[in-house]
Amino acid sequence: MELQSLPAGLATLADHERHARATLDAAAWDYLCGAAGDGLTARHNRAAWDAWTLLPRVLAPLAGLHTRTELLGRTLACPLLVAPLAHQRLAHADAELGTAMAAAAQEAGMVLSMQASTPLEAVADAVRSDAGRGPLWFQLYWLADRGLLRAVIERARAAGYEALVLTVDAPVRTGFRLPAGMATPNAPATSGDSSLADLCATAPTWRELEWLCAHAPLPVVVKGVLHPDDARAAQASGAAALVVSNHGGRTLDGAPATATMLPRIADAVGGALPLLADGGIRRGTDVLKAISLGARAVLVGRPAVWGLANAGALGVAHVLRLLRDELELAMALCGCTDLSSPPTCERTS
Amino acid sequence: MELQSLPAGLATLADHERHARATLDAAAWDYLCGAAGDGLTARHNRAAWDAWTLLPRVLAPLAGLHTRTELLGRTLACPLLVAPLAHQRLAHADAELGTAMAAAAQEAGMVLSMQASTPLEAVADAVRSDAGRGPLWFQLYWLADRGLLRAVIERARAAGYEALVLTVDAPVRTGFRLPAGMATPNAPATSGDSSLADLCATAPTWRELEWLCAHAPLPVVVKGVLHPDDARAAQASGAAALVVSNHGGRTLDGAPATATMLPRIADAVGGALPLLADGGIRRGTDVLKAISLGARAVLVGRPAVWGLANAGALGVAHVLRLLRDELELAMALCGCTDLSSPPTCERTS
Amino acid sequence: MELQSLPAGLATLADHERHARATLDAAAWDYLCGAAGDGLTARHNRAAWDAWTLLPRVLAPLAGLHTRTELLGRTLACPLLVAPLAHQRLAHADAELGTAMAAAAQEAGMVLSMQASTPLEAVADAVRSDAGRGPLWFQLYWLADRGLLRAVIERARAAGYEALVLTVDAPVRTGFRLPAGMATPNAPATSGDSSLADLCATAPTWRELEWLCAHAPLPVVVKGVLHPDDARAAQASGAAALVVSNHGGRTLDGAPATATMLPRIADAVGGALPLLADGGIRRGTDVLKAISLGARAVLVGRPAVWGLANAGALGVAHVLRLLRDELELAMALCGCTDLSSPPTCERTS
Amino acid sequence: MELQSLPAGLATLADHERHARATLDAAAWDYLCGAAGDGLTARHNRAAWDAWTLLPRVLAPLAGLHTRTELLGRTLACPLLVAPLAHQRLAHADAELGTAMAAAAQEAGMVLSMQASTPLEAVADAVRSDAGRGPLWFQLYWLADRGLLRAVIERARAAGYEALVLTVDAPVRTGFRLPAGMATPNAPATSGDSSLADLCATAPTWRELEWLCAHAPLPVVVKGVLHPDDARAAQASGAAALVVSNHGGRTLDGAPATATMLPRIADAVGGALPLLADGGIRRGTDVLKAISLGARAVLVGRPAVWGLANAGALGVAHVLRLLRDELELAMALCGCTDLSSPPTCERTS
C-alpha cells in the first residue's frame, strides 16, 4: 500500500465529510454514508450529542492525563474503535487493509465487517506485529447455516481476532448490488433477493445468542441494543459487552438516539457489563460525553469511510488522530485526567 | 379502466407528493391537498409523528410476522384504509373507482366520500368480488333532510358498504366550486352559499348521532374526535368506532395533532371502543407508532390523492404497497410480529 | 372620505401585512410596525399564540352562535377593538377618522391614541350616530402638567368617549420626528428630546393611577400590565379593566409574550377585573385563544395599520371583517356558541 | 492618539459586529472573534440570554434611577467591564490604550490581558487621572516560573491595578502566531509549541490559587468557573470574586451557557462572593438579566473588539455607551431604579 498524501484543509471530521462527499460517486456515498427513511434517527444521533453539555472543572491537577481504558481484559490506549463497515473497497483501494493499519497506527481498535471486501486473515496479518494497536474484532451477521457460521468464526479465531461482534439490530436488510469485481471473501454477501418472510424465519433470537456465547471460542459483543430490557437479556445470555447502537440510523428510522438511550442502559446494567456506543460521534467532546454517560469506548463508522475515501489509510489515520487530540484537549479543559472519572454531562444548554 | 404505468423515481410517499404537486393544476392541488389557515395543524400532524420514537427490541423471534388486525367483527390483512376524499375526479379520471380497486388489490380498506364523483354502487361493484380486500365504508355528512339521509344510507347498505363514517369535525365547511361536468352523484354537493348561521342551525348534535346509531342498518364510525370527553360521549351514543382526526388540518387550524391526542383518547376509552387515526401518516413507522399509541388502524388521505394524480389506480396501489412494505419492515426491525403487541413509543429523541 | 377600493388578493391579515410593507415608505413602516431591540418580544407574541392549541368539541348544538361579550357595562357585538395607534396619518390620509368609521362599521371598538393626528372630537363625531358600534375609548399617556391632563380628559368625556386607557408600559419613550405638516391635536407630541432622568422623574406611579381613577369622569383601563402583582395593584388602585400587553414588543425587548402572561394574570385577578389582551393577534383562532385564556376582548394594532395603509377605511374594515369571520368559524369548529364558555386551550401541539 | 470618527449606521452592537467583520482581515477576525469547535457554546451563550425573559413592573417610582453597584470595596458607576482580550493591536493601532481610555470615559472597568500588545504601565498611566473610571484589573495566566509571575504581579500592583484576574478555564491553549512586529510586553506570549502533556504538567491547581490568594498584594478574581462546586472551592481558596465564564465559547465547545450556570452558582455561593459573568452579552437587557440572575457586573469581550476595529477608542466608547443607555432604558421599562433590586427573570417566553 502506497501512502497517499492528505488533501489540504482537513482540520475536522466535518471537513473530511465535505471532501468525501465531493470525492465519492453518488451511489457509493449513498450506500456507505446514507441513512434509512427520512434520516430522522441519523439526525437524532447528531443532535443528541450536541444537546448534552459537559460541565468542566477547573484547577484540577492535570499531570499524567491519559486516555487509557480497560476492555475485555486488556488495556486500550484510547477508547476508539472503527465500526464494522461493509465493502470498504467502494471507498478506496486501500479498503479494510488501510483502515486496519490506520487504526493500529493510532492505537485505536478495529471491527472488521463480515461483509468486508478483504479476507479477514489479510487484515489480521497487516496489524499483527503492531504492539500498540487497539483490539481487533470480527463482526458477524447470524448465518442460518451453522456450518458456515462455525467456519468463519474459526477463521477469525485462528487469525487472531479477539472478539466476535454480533449485529442484532438488522435482522432484515436491504440488499445492495455490488459492482462487478467486488466480493465478500469472509462470508456470503447479504442479498436483497430474499423475501421478508424468509429473512424473518431465519433471523437470530435470544436462543441463538445463548448458543453463540456458550460455544464461541471468543467473547461475544452484542451490537445494536437500545432497550434496557434487551441489555439485561444480553447480559443474561452471556454477552461480554454491548454496543448501544441504532446502526447509525441506517435500519429503523424513528429509533431514539444512542446518546439518549446510553445512560438508561448504563442504569439498567450498571457496571456489570462494559458498554460501547456509536452513532454520530464527530468530535472529541462527543467521545467524552459518551464516556461520561456510561460507555467504555466508542465506535466511529462514517468518519472512517470519509477518511478512507479522502486519502486511504492516511485519511483514516488522520480522522482517528483528530478525535484523539480533541479528546485529550477536552479532557484537559474539563479537568479530567482519567476516563474512569469523567466530567458531568447534563442537558443544560 | 386502463392501467397507466408508474412514473419513474417514486420510492417514497414524499416522492409521490413532489410528483403530484408538479402534475396537478394549482386549484386542484389546493383543494385536494391544502390546509386551513396557516397550516399549523397540518404541520403539527407531521411533526408529532416524527416526535415519537420507536424503541426497538432485538433478538425476538420474527417468524410468522403479519400485519393482520381485527376491526368491526372482521379481519383486516393490514391496518390501512383510504380516507374519505371528495371529488377524486379532480385528481385523475380513474377517480374513486381507481382508488377502490387499488385499495382492494393491496388488501387495504376504503372509505367512500359522500362527495365522491362516482356513484357509490359503481364503487362497490368494482371490488365486490375481491375476497382479500379491506373494509368498504361510506362516509356521511349529516343531512338536515332525513329523507335524503335515509335514502343514501339505504343505498350504501344495499350496495354492500360495511359501515357508515359520520364526519363530525366539519359542521361548517368552505364551499368549493366544482368544475363544469363534475357531479356528486351520492348526495347534494356541499355548497359555500349558506350562511354560517344557517349551517350552525342544521349542524348535527349528539342527539342526531344517537338517532343515527340507533336507526342505521350499519355500524356508525365517528370521525373527527380530538377531545377525550367527546370520545366517551361518542361511545355512550352508540358509536362502533372512532377516528381520531383533525380532518388533516383542513378545518380548525390550531387544533392539536392526532398523534398527540390519540394516546389520551386511548386512555379515555380504554380498549372498549376501537380507535383509528389519520393526519400526516407518511411512513410505515408512522403506522406502527399509531398502533403503538392505541389505534387499531389508520387512514391515509392526501397520499392516496398523490398516487391517484400520479398514475391513477396504479399510483394509489403503489402508495399503499409502500406503506405496507415499510410497516412490515418496521415491525421486523422492532421485533414485533403481531400488531396486538406493538413496540414502545416514547417522546425521547 | 372617499372609499378606496380594496387591492386584489387580500384574504388574510398576512396578505395585508405583505401588501402594506410594499406600500408604506420604509420610515413610516418602521415607526408604525417596527419592534424594539432585536424583535424578541414581537416574535414571542406571535409564537406564543401559535404554541397554544384549541381542543375542539364536536356535535355540540351550534344554533344561536354569537360573538357578543359584556365589557364595562355594555354589550359588544364582537370582542375586537382597534388598539391606540399614534400618527395614523403616516399610513393613510383617512387616518383615525377612517379607522374609527371602519371599526364602527364592523361593530368593533376603537381606542384613539392621545398622539393621534386627528382631533378627538372629529373622531367621536364620525361614529356617534352608529348604534351598533363598539366602545370608543381614549388613550392617555400621563402628563406631568395636570392642567393639560384634566383638559384633554374633559375633552374626551365631552366628546363621548366611554373610557380612558392609561398606557403604563412606556414610562419613557423614544421620540419620533413627525414629518412636516403633521400634528398631534389632542396633546403635546411625545418628544425624544428629554433626558431619561427627566422622563423618569415625571413618570406616573401607582399614586397617579389612584388619583386618576378617583377623579376621572370615566372608567380607567390600565394598559401594559404583565406581572400578576401589578394586576392586583391596578385593581386595588381602582382600575376598571386591564390590557395585558407588552406594547406589541415595541418597548422592552425581552418581555414575555402576552399569551404567556394572560392566564397567569387571569389566575391572579380571577373574574374580578375584566382583562383585555393584545400583541400578535393575527387570526380568529388567536382571538378565541385569548378569550379561552381569560381575556374579555382583544386589541389589534399593526393589522389595523396594514389595512389603513392598503385601502384607508375600507382596508381597516376588511381586516376587522376577516378577524370576525375567522372567529365565528373557529367558534363553530370548536363547538362554542358563546364566548363565556370558550373551548379548552392547551400547550399540546 | 487621534480620535477617529465613527462610521455611519452603528446603532447596536450587532451593527458593530457586521461592520467589524467587514473591516478586519479574516485571520484577525478568526483569532479575535472566533469560537472553539463547532461554536456550540458560543451559540448557547447567546441563546441562553434570549431564553430568559424580564418581567417588567409598571407604575413604580423611577426618579433617581441609577446603575451604580459595589464591587471589591468601591463603587462602580455602571456594571460593565471590558473583558481581557489579547493582542488588541490586531484590531486597531489604538489597541489597549484606546480600549482603556474608552472604558474610563464611559465609567466602565477594564481588565488588561497579560497577552496585551501594550505595556501595562502605559495603560495604567493613560487612565490614572480619570476620577470617574471603573476598576482597572490585570489578567493573569498562571506562569510556571514563579519569578516571572511575581514580577508581572509586582509591575501590575505598582502601576495601580486594583485586582488580579486569574483565568482558569484555559489550562491549555491553542497557540497563535503573532504577525511580525507584534509583541506581548507584559509576559511571555502563549505559544502553541508545547505539547499537551507539558501544558498539563504545569497547569495551575487549587494549590496554586491558594498560594496566589495568600501572597498576592491584590485581590484575586477567578475567571472561568462554571461548576457550583468549583465556585465554593474558589471561595474557600481565598478568591475575592468570580467570573462565571466559558471563555466566550473559545475553549471547551460543549460547555453550558453562562446564563444557564450563573443562577446555579449564585445559589451555591449565595451573596458571600461577588459574581461577574460574561459570554454573549450584546444588549442592555442582557446586562439586566445577568444582574437579575446573580451577577454584580458583566464583562464584554468581542463587542469591545468590534468597536476597536471600527473606530479605535471612539468605537469602544460607543459600544459601551450603547450598553449603558440600553441598560438604563431597560431598567426604566422594568420599573427598576437600583440594580440591587433587579426585576424578575424567568424562562417563560
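Per-chain residue numbering starts at 1, and chain names A, B, C and D are given in the order in which the chains are listed.
Assume contacts are C-beta pairs under 8 Å (C-beta built on N, C-alpha and C of every residue); 3 or more make two chains touch, one makes a residue touch a chain.
Note that the structure is predicted; figures quoted are calculated from it, not measured.
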Chain C against chain B, contact positions shared by both copies (same if over half, else different): different
When chain C is superposed on chain D by its C-alpha atoms, the rotation angle in degrees, nearest 5: 90
Chain centre separation (chain B, chain C; CA means) in Å: 43
Chain A-chain C separation of Cα centroids, rounded to whole Å: 60
Multi-chain contact sites of chain D, meaning residues that touch two or more partners: none
Chain contact topology (line, ring, star, complete or other): ring
Parts of chain D lying in touch with chain A, wherever the complex brings them together: 37-38, 40, 44, 47-48, 168-172, 196-197, 199-201, 203-206, 208-209, 222, 224-227, 229-230, 233-234, 246, 251-257, 260-261
Touching residues on chain B, where the partner in the complex is chain A: 14, 50, 52-65, 283, 285, 289, 325-326, 328-330, 332-335, 337, 344, 346, 348-349
